[in-house]
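Next, two complexes with chain A in common: one pairs it with chain B, the other with chain C.
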Partner chain A sequence: MTRIGLIRSAVIVTMIAALELACRTGLIDHRIVIAPSEMASALVTLLASGSINADIERTLGIIAVVIALSVVLGFAVGVVIHALPHLREALDPFFATYYAVPIFIFYPVLIAIFGLSPMPIVLIGVATAIVAMIIATLNGLDRVPRVLVKVARVHRLGRVSTALRLQLPATAPYLFTGIKLSVSYAFIAVIAAEFILSPAGLGRDISDAYTDFENRRMYALILFLLIVATAVNAGLHALDMRFAERRSGGGP
Partner chain B sequence: MARDVHAQLAGVTRVYPGGGEHPPVHALGPVDLDLHKGEFFAVVGPSGCGKSTLLEVLAGLQRPTAGTVTFEGKAVSGEVADGIGVVFQEDASFPWLTVWDNAAFGLRRSGVAESKLRRRVDDALAFMGLKDFARAYPSQLSGGMRQRVCIARTLVLEPRLILLDEPFGALDAQTRLLMGDEVLRLWRQTGATVLLITHALDEAAMLADRIGAMSARPGCFIEIIETGWPNGRDSTIVAEPAFGEITGRLWERLRGESLKALGHSSLAQSAPPSALAAE
Partner chain C sequence: MTATRRALDTLAILLAILAIWEVLHRVAGETALPAPAETLSYLIRTVPTARFAENAAATAAAFGLALILAYGIGLAIGIWMGAHRLSGAVGEPILVSLYSLPKITLYPVVLLIFGLGLSAKVAFGAMHGILPVALLTMGAIRAIPPVYLRAARTLHLSPWQTITTVLLPAALPEVFTGLRIGFTVTLLGVLLGEMFASKAGLGYMIMNAMSLAQSKEMVAVAIVLFGFAALANALLLWIEHRLHQRV
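Right, the complex of A and B next:
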């Protein structure tokens, strides 16, 4: 492990240990926060019981659908907008202020239209995550060096070949940033939407546990989501670093 | 005996159309030029005189507004002809590919058998001194080496006309001299016709058989100078008295044009320093 990695791990372990100590010594009331070891033990028990399997499947399934739709549609919309400068000029102010609008205000409208199905959650999730992917695609395409297009012409590549063999790899770092942001937004939007008004899912579970004062269950579910979100992001970060090393000179 | 004309520009002009409040820009021409088979021709001129436009028109990357371009007797217009290779000033290596894959890029599309492809790529990398870096990525190389990767990518296609658009513009002076030696070696071994665009008079004087000096925009040839260098020349010729004479003559022709390009037209009409010293 690198020195930075050791420091990072030490900070996390210290914080967990401090929380454990504070909970065990009564510095923090156990009715508010339970010790991390108790959270872990509650999570193991919960997973072993299989009682949240359906919710895990539903929530992670919706998140996967939201990520896939946001990334694929966001990329496609980004490519189209990039090809139409006037449309882009018209839409730029919307993109610049998009995240200033709380998308969740439309949730009741979506429920009125689609009912308490996964659809409103998927739509809220896509609406939250897609713009990050569109902006990342536009940024990436803006930064494709013009000389690469000339190289493509020298090699007599067609438009599709140029896009696939040169422009797509050249924009890859920006697209990857878009994917990472879309993943984060998808987790946030789906869990929050389930929390508010969904009949099922991990977000709903956390909300119910909170309402029923089931601290062990609530913290176990929070810990589970933390582990999943961190693992996904760590995986994406590792991939990103591997590609970045090649481009910045520290590679194999 | 007249030499074979390999590529030809006849009455070529290039005007960029205006738009909105911007008037059209007459960037180039009319230009007439015969490139002889196997010669090394350099083009020098003030900034913005249309040197790169000339190269792109000759390559087929831009259509001329008027005039004709031919390569090996066939018209060139709007598409790069088979047998023409271009190396650009900007780093055009692909950062996501290894040096070997960069070099193989163009050849992979040409349907060449895998064994032949490997041999040609290995030969090109060995020729450019990149054999030991075949598995490296461009980001792990210096600017000069990355430019050599781009030259190797062009070389594997075995072009008969190589167009170099200020390929050493971003390199330091010593590296440029050494890269110049490599380009001369490449030129001799491939037998290709080379057209080099450069803003460096010494580079043109060292490398070329003939040097075309261009006027300020719209760029036209105001003089074509024959250097008379032997075929086996290298960068040591910079110490020759004739080298200083050629660069001095080029500067004499280009000083006024460069001042015009900078907007100092009154200074451009004044006598050059050499004339003042002679008085």
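Right, the complex of A and C next:
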């Protein structure tokens, strides 16, 4: 395991070093890609200057709102749909198709309706992220062992306490998968929306830097977003691992 | 019997969507969101025009090339990492973290490398598609029961025969799932590319319609794309279902 980790680090370091070398020797034109060390130093200068603090706050704030709305509403909608088998049967083909159609192309329509405010970005983000949470909730509820439901009935648990004390813990792994997907969809949709058309935000900054040929600024911003997204994904993955360990470690 | 009931349910939901659309239209007003009936008649009039055909052809060309690249590279990486355990163990977490990155941030880099035009759209679409194809192919090949390979050895099959008669048929259903998801995300990648910086294609048409405040055209093009993606997905799902049943 550690040997594989070592090889993986070596592979990544080698690739970065190769890029660095290719940029330094002029094999790759600095007008196209700048050296990784330059990207990092540009990012440090940019962060120290504080000039992007407002955009960081705005973009990460919108992403947080999108995640919160998608997870909470998605879970609630999932529970309701699961309780209505007829509605669910009718909706199943739509769920199967939802991520196959490019929902994102509705973003310009939302701008036309709501104007250039954070509202269309939040809506396109929730529209992209919420369905993953609904599907994960339905999947989880489907797999609650029937014996648990019987136990709840034997103990005469009410509907709400069955949901909270039994269904929620039993579906937790599926819900967590839904949360992970929602987080990743939220990042993609919000940044794509800002990138294509938005009055402010990190996506807009990147797009501006691109049009102004400010490569150092552009690469610094891209690096920043990639670091944040990777850190969030890695954090969720670590949490997932810990939950899985606890479940298999003879927990309740 | 159940099939007709299901079709009726689906129809009911489509009607509900149209009703919600009509209500939104009344609330938001004509310029923001046109009425469903008008938009649909606009759609029927627009699709046969040369302007629409040109843009659709531009998108189709970029999408086709991107799909070929995504499938070719994705399958090659997937087969390699599935068959070679060490490469798979080293590479899988790298592929997974690349998969969950918001790749749109890298579009300016793609534009700097390839310039404005067809090749940037193709590269950006392929970037989206390669990863799911590679990851699912790798998983499919790893999941082949070792007894199949032992049987192949007992029968003295050559490596090529092993691939074509044992490995591929056994992994096909899962691989096909990867190809289906790859189809979807490659299309999204190409459209995103067209929306940001392009002078042709359906993604460009939508952005252009937005800047000219032609909401009917915007929604009509979106519906055409939805219809295409939904039909293609239904067909691919049907094939996938058949493959799973066969195994």
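Before moving on, here are some points about what is shown:
In this section, the second predicted complex is superposed on the first by the 239 of 252 C-alpha atoms of A that agree within 3 Å, B and C clash if a C-alpha of one lies under 4 Å from a C-alpha of the other, contacts with A are read in each partner's own complex, and residues count from 1 in each chain.
The working rule: a contact is a pair of C-beta atoms (placed from the backbone, for glycine too) under 8 Å apart; a residue touches a chain by one contact, two chains touch by 3 or more.
What you are looking at is a predicted structure, and each value in this text was computed from that prediction instead of being measured.
Aligning the shared chain A places chain B and chain C next to each other free of steric conflict. Of the two partner chains placed by the overlay, neither chain B nor chain C lies in contact with A:Ile56.
Counting the residues of chain A touched by each of chain B and chain C gives the higher count for C.
In the superposition on chain A, contact is made by A:Ala229 with chain C only, not with chain B. Of the two partner chains placed around the shared chain by superposition, chain C is the only one that A:Ser184 touches, whereas chain B remains out of contact.
Look at A:Ser207: by the touch rule set out above, it reaches chain C but stays clear of chain B.
By the touch criterion defined above, A:Val154 lies against chain B but remains apart from chain C after alignment on the C-alpha atoms of chain A.
Here the smallest spacing between CA atoms of chain B and those of chain C, following superposition, is 11 Å.
Chain A makes touch with chain B in their complex at residues 145, 147-148, 150-151, 153-157, 161, 166, 169-170, 172, 243, 246-249, 251-252. Those residues of chain C lying in contact with chain A across their complex are 6, 9-10, 12-13, 24, 28, 31-33, 86, 89-91, 93-94, 97, 100-109, 111-113, 184, 187-188, 191-192, 195-196, 203, 206-207, 209-210, 213, 215, 218-219, 221-222, 225-226, 229-230, 232-234, 237.
Of all the residues in chain A, the ones that touch chain C in their complex are 4, 7-8, 11-12, 31-33, 86, 89-91, 93-94, 96-97, 99-102, 104-106, 108-109, 111-113, 184, 187-188, 191-192, 195-197, 203, 206-207, 209-210, 215, 218-219, 222, 225-226, 229-230, 233-234.
Within the complex, the chain B residues that touch chain A are 56, 59, 61, 79-80, 84-86, 88, 90-92, 94-96, 105-106, 109, 135, 137, 139-140.
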